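Next, two complexes with chain A in common: one pairs it with chain B, the other with chain C.
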Partner chain A sequence: MSSVPFELAWLIPLLPLGAALLIALFGRWLAERGGWLAVAAGGLSLSLAVPIAWNGLQLREPFTSSFGWFAIGQLQLRLGIYLDQLTALLLIVVSLVSFLVLIYSIAYMHREGPRLRRYYAEMSLFLGSMLGLVLADNYLMLYLFWELVGLCSYLLIGFWYERPAAAAAAIKAFLVTRLGDLFFLVGLLLFLIDFKTLSFAELFSLQVSPQRPWLLGLGTLFFFAGAMGKSAQFPLHLWLPDAMEGPTTVSALIHAATMVNAGVYLVARTMPLLIRAPVDLLVIALLGGFTALFAATLATVNTDMKRVLAYSTISQLGYMFLGLGAGGFAQALTTQEGAGYAAGLLHLLNHAFFKALLFLGAGAVMHAMSDSTDLRRMGALWPKLKLTGTAMLIGALANAGIPPMSGFWSKDEILAAAFSGGHPALLTAWLLGFATVFLTSFYMFRLWFLAFAGRPRWPEGARPHEAPPLMAWPLVILSLFALSSGFLSSAGLRRYISLGEPHLMPARELLAQTFANPWTILSSGLALAGLAIAYLLYHRGLDLARYRTALGGSVYRLLLERYYLDRAAITLARRVTVGFARLLDRFDQAVVDGLINGIGRASVGLGQRLRRTVTGSINDYASWILAGVALFLLIYVIWR
Partner chain B sequence: MLSWLLLVPLVGSLIVWAVRDERTMRLVALAFAFGPFALATALAFLLDPGRAGYQFLEQQTWIPAIGISYKVGLDGISLPMVWLTTLLTFLVFLYSRDSRTRSYFALFLLLEFALLGVFVALDLFLFYVFWELVLVPMYLLIHGWGGPRRAYAAIKFFVYTFSASVIMLVGIMALYFGAGAHSFDLERIAAGAPQTSQLFQVLVFAALFLGFVVKMPQVPFHTWLPDAHVEAPTGGSALLAGVLLKMGSYGLIRVALPLLPEGARFFGPIMLVMGILSILYGALVCLAQQDLKRLVAYSSISHMGVVLLGIALLSQAGLASAIFMMFAHGLISPLLFMATGAIQHGAGTREIAQLGGLALRAPQAGFILTAGALASLGLPGMAQFPAEFGVFLAAYLGVGLWVLVPILTIVLTAGYYLWALERSIFGKLSPIAEQAQDVRAYEFWPMIALVALIILFGLWPGPWLGAINAAVLNNVLPGLGLGGTP
Partner chain C sequence: MTTFPLAAYLGLSAVLFVLGAYGLLISRNGIKILMCIEILLNSANLNLVAFAAYHRDALGYVMAMFSIGLAVAEAAVGLSILIALFRLKRRIDVDWLRSLKG
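Right after this comes the complex of A and B.
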């Protein structure tokens, strides 16, 4: 493996990007309209990414390679790659999950026919952009791919653009994330002017000028605002549930491999700067903890399978930010390892596997149920869909954080890091995250029982059937990862992904210590309690109405209405902003244009009066020129 | 060489006028549009970006008694504009294959001649002559081939910008006398003008500024533009937005700034406020538009606001980025106007509300319009991004965190474009879109060429920006009394 030179890392994003171009141009004549080319490019990228990432994990110093791009005034901007442990981790996650999703697409999307060309071109562009994002060696290049990732999600969420809901979801995704990008962009300007560079290598070794230390905190906070948009943190989470309007494979890619990870990656990447701004880290941790709980409450009432998963993603991303914030804060104040940092990133890895699994499983369910995602119309699918059901059960267990599944390990480390963070804000965030454990387990199993257990509530004519092999195999592979990645990464990979000197434990010690921790036992108990309640309500047939009254009608309604935030946002955009725009447009025509036309009419009137002595319109202009010459003579005489 | 560049379209205009047979006329017209394009492309490769001053200089005394001469030259600032003019004329000729008469093509070549003259002239009298000459073919194009309210729009365009340029003429005259050179030669005036008194500079700058700003146009002098665009034929709109508007900002950078540094410094804050106002005002008004073409017209005001903002900062980064923004907008807005023209052609309307779901019936039209909108909202990887980024960078340098105000436009712009797309080409199929035809091949390929160029200059802006940077450093900043500060 050591024989792969790092320079080849350039090819990792370029292969899918090239495939995207080829498919766009010649897809019409390619097998599966370019689908197999996309798979091949993704596979080649993966086979390059794995050895390069493996070697990258062992690097002592980051590998960089760059060239000049353009200059603004005296400021040089560059394109380049930056390879360190963080990049390596993301390379593996992105290329592996995307590759599986692409294979799955071949079977899942087949009936789309001629539109597949667009689908595979956009998916390849998506993958290439995300790989470029994690390889970028400076913030401007990161921003370039960041926007391309946003573009691809816009295009793919709106894949079925003739559906008004899909078109609306696409624009919402773009605009909400762009609101975050605006701050990201200002952060770029701030860094470029005040620190004279956007290159990671230079910024991380930078001595901040003591006159304006707050600039660093402000700039990194702006970066976090960008991350909030991409990673759907409150209040910029609004776009993500609607993004379910796209094909399920797109949801899997957005939620597991690409888009939402970009924000977490940005914060992790900025960590060397953030630890000089501890207040930012507290903000990040608190907002993460709040979002985790907030989104989890919304997942408990939704009856759309994909939307439950979407809220779950938002919630899990909150955990990641909580981990990063807590880890960074610990590193900033003490010299110990900020364990939360590694935990947050390992959670990204674990989450990518089990969330991709869940989405692809949901796709298999939709495939079986003629594209319905309505949990109320499912039930008793287990006998018909044993493989899909098993896969989703594994995914649900992992997502719920029930030991020994993958989600358990990283989530618990995050909570432990927050608990021992040594700041009231972190303790608050911990409490929010801790409460989320119960809800997470509850909504995951609510979903599973509603779909696979109980009585069939299928629409008429439904004949559920298991997925074809091209869809089944990715499910099997992802199930294996969801089962094992937690322990393996906590025991093995963790040594490479750390902030400060890693505090390492042999596997046996890790096991012993984890299960001797009372908080771990308590949180596992909470998760099991969530599972049990979901079982009682949705398997033993305590019906929804009772749950509703148990929860209280008004709370239930509040949750169903998503705390009225979506409605408020739409009012703000469509009523307030567009209303103001219409007013301004009327002002423009009546006042600004009216004034000019008035002046025009007045001069025409004047001209007509002049016409009695002079003739023709040319003379109008002649008189203008005459007046002009007179004026300049005047100026000349006075200021000679 | 520059004289050839001017001569070819002028002669072409006359020849096209004379050819009777329609097919021959088209071929001749295309040939005469291609000639300047090839020449300008060659010039782009021949220009040495590192050299100070002007290149390919030609000078001929014209009216020695009052110091008027025929003097033309090129630098990294005028080159992008010259190339853009020739490129767009050629593409418009390819695009306009449907029933146009020879006078249409002849007028376009005349327009090209005048525009090229504005950008290469180094004598203010010559500059003014070309400047006014531009009005005539454009007026006739709107009046002759425009929409239902073409007479109103054409006369409004003519009178509005003509009145402003007469005031500009006053400024030019004042420079002639006031700078002490008694010459219209730009370089000779440049030697004396910056030393004149502040009051003189401020007054003369005011006169020039009025002429330029009406052309750009900026709020509140902008209302001729939407009317002119809506009524103009597609080719006319493409050149109007692509090149004519740039005459204003080009004039500011070439004439007003280096000759009148004190005036520029006095007007700096005014230009700043006007630019920011235009950016946001234009973007907001776009949100309310019902007609795709009118929307694109208002978006031009907003984007030219970015140009004015870049100029107002009076720094190398601001000026260079503003010039690149002029170039990028010169590629993108013609693309959008061509796209709306093609939609009008295929669907019979440009009303957003009537168009829903067009992409289903006309996927190529949908693709082009989406590509144009994405470019125009400043997507990285497309030409406008480096320009906008540079202007905002310069703005942060100049005004600090106030940059948050103009930068709001990146959300607003995305909002009005994507919302327009959502309603016009996405969503349910409307009865009108149901009947629509897709883009014709002769319309499609010129637009694809623009898309390709937009991406090319977005991914690889380095060389153009390098030439622009050098020209700003050598030919504008010294007049302003600024060295090579970013």
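Right after this comes the complex of A and C.
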């Protein structure tokens, strides 16, 4: 594999971007309106990305290649690629999942007809931008692609723009993520002003200016705020559940496996700077742990299949941030390896596979149930959809973190890293994450049992049927990854992705140690308990009504209303923003307009007076000139 | 050759200047205005030359030469304006040219 030179990494994002352009221009005449071209570009990118990433994992120093883009004064801005282990990991995740999703799209989106051109052009643009984002060698370029993936997300959520809900969801996603992006931009400017560079290589080798050490912490905190928007962390999580209005393939690719990971990637990329600001890392870990629990509670009551998965995504992203924060903090305080860093990133890898699997499975279920996502209208699909059911069962087991599935390994390492983090904040975050284990398992199996078990509650005339082969194959491949990627990555890939000197152990020892840890046993027990309760409630039909208490009822209402946060956001927008806008309007009318009109009126008045001097008579003008010269002479003589 | 004191030249120059300025203010005839401007310029030239001789500094002569050159150009432009004006209105009196009145 060593024959593929790293310079070819330039082609990885350029191929899908080129495909996007071609599809946008000539999609009308292409097979499947450009679908196969998008698949081909994605496949070529994948076949380049795999060997390059494989070699990249073994690099000692990051590979960089760049050229000058533009210069502002002393400031040189460059376009380039920065390839290290982190980039390699993301390259594999992004290119592999997108390739599978694009193949799946051919079958899933087939009915869309002429609109497919727009779909494949936007998907290819997204893929190219996402690959560019992980390959970027400086923050400005990263920001550029960051905005591009945000744009693609907006366009694809609103793919069925004639539906008001989809159009509103697209706008909501755009506005909420933009709020985060704004913080990212402020952080970027702070860095630019103080460090005069945005290049990763230069920033990571930089010594902090001793006059302003707080600036690093503040700038990176702003970066994290940007990551919160992209990765849907509380309180900027509002957009992700609504983003499910887009096609399911879009949810699988953008809102589960790739774009939402951009925030995690940004924090991981900034880690060399973040470990100089340990307080930021505690904030990241705590907010991640909180979001994990918070989103998991919301997933337990939702009746929309895709939205349950969306809340699950938010929750799992919270785990990743918890891992990164804990790992970075350990590295910042001691010089030991921050194990949570690797665990968080491996969780990103595992999550991308099992969540893409779950979403594509949900797509297959929707395909079978004439596009319905309502869990209350499903049930007993197992005999009809054996393959989809198996795939989703594997995904659910992986997401729930039941050993030996993939989610278990990385989640367990994250919790272990937070537990041994040595700070009360990390311990709090661990507790939040630990409680989430139970809820995760509960809501995942609630979803599975509601869809595939129990009695059929199908709408009139529903005829569930298994997915066509083009949709089935990606499910099978992703199932294999969801089964195996956890242990393989923890035992194998782990050695390449580490913060500080990795603490390695052979596979057998890893197994022995993992299952000797009482907390691991307990968390697995919790996960199994969640499974059991979901089984009792949604398969055996245990009636909860007898146990319903006033408190339980109000908690249920609170969860159904999503903690009233969406309403609060709307109220905030109505009252505060509109009120503020009114205030500004009044200021604009009175002060700004008043100033301009006043200047105009004064000029007119002055002109009215001055016009009397303009008689049109040359002799008068000559007298003015002479009088003026005489006056100046007089002044000169007197004040000489 | 008889040499006059500097003050004599300056006095002559001042008289010329006042004459020119007076003419400029009261004349209505365009040609007369141009002539008055010439007188003003030449009073200044006389000053320049007188001081140049007094200080033995050639710069004053140079300035005077420039000034004469400029005066030629000015006279040419001014006369052509007057000719154009005459063709248009058949008059060269300036006191009724009031279309620029504000």
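By definition in this document, the second predicted complex is superposed on the first by the 563 of 640 C-alpha atoms of A that agree within 3 Å, B and C clash if a C-alpha of one lies under 4 Å from a C-alpha of the other, contacts with A are read in each partner's own complex, and residues count from 1 in each chain.
In this text, a contact is a pair of C-beta atoms (placed from the backbone, for glycine too) under 8 Å apart; a residue touches a chain by one contact, two chains touch by 3 or more.
Everything numeric here is computed off the predicted structure, so don't read it as measured data.
> First (chain B), second (chain C), both or neither: which does A:Leu8 touch?
neither
> Quick one: is A:Leu560 in contact with chain B, with chain C, with both, or with neither? Answer first, second, both or neither.
After superposing on A, A:Leu560 lies clear of both chain B and chain C.
> I'd like to know which partner A:Ile521 touches here: chain B for first, chain C for second, both or neither.
neither
> Taking the superposition on A as described, I'd like to know which of chain B and chain C A:Val476 touches: first, second, both or neither.
In the superposition, A:Val476 touches no partner, neither chain B nor chain C.
> Just chain B (first), just chain C (second), both, or neither: which does A:Leu536 touch?
neither
> Could you tell me if A:Phe174 is touching chain B, chain C, both of them or neither one (first, second, both, neither)?
In the superposition, A:Phe174 touches chain B alone.
> Please determine whether it is chain B or chain C that touches the greater number of chain A residues.
Per-residue touch count on chain A favours B.
> Jot down the residues of chain A that show up as touching in both complexes, chain B in one and chain C in the other.
none
> Give the list of chain A residues in touch with chain B in this complex.
68-75, 140, 143-144, 147-148, 151, 154, 158, 161-164, 167-168, 170-171, 174-175, 178-179, 181-182, 185-186, 188-190, 192-193, 573, 577-578, 580-582, 584-585, 588-589, 592-593, 596-597, 600, 621, 624-625, 628-629, 631-632, 635-636, 639-640
> What residues on chain B touch chain A, complex-wise?
Residues 156, 159-160, 162-163, 166-167, 169-170, 173-174, 177-178, 196-197, 199-200, 203-204, 219-220, 222-224, 281, 284-289, 315-317, 320-321, 357, 359-360, 374, 379-381, 385-386, 389-390, 392-394, 396-397, 401, 403-404, 407-408, 410-411, 414-415, 418-419, 421-422, 425-429, 461-462, 465-466, 469, 484-486 of chain B touch chain A in their complex.
> Which residues, counting only chain A, touch chain C once they are in their complex?
610-619, 622-623, 626
> Write out the stretch or stretches of chain C touching chain A in their complex.
21, 24-28, 33, 94-95, 97-102
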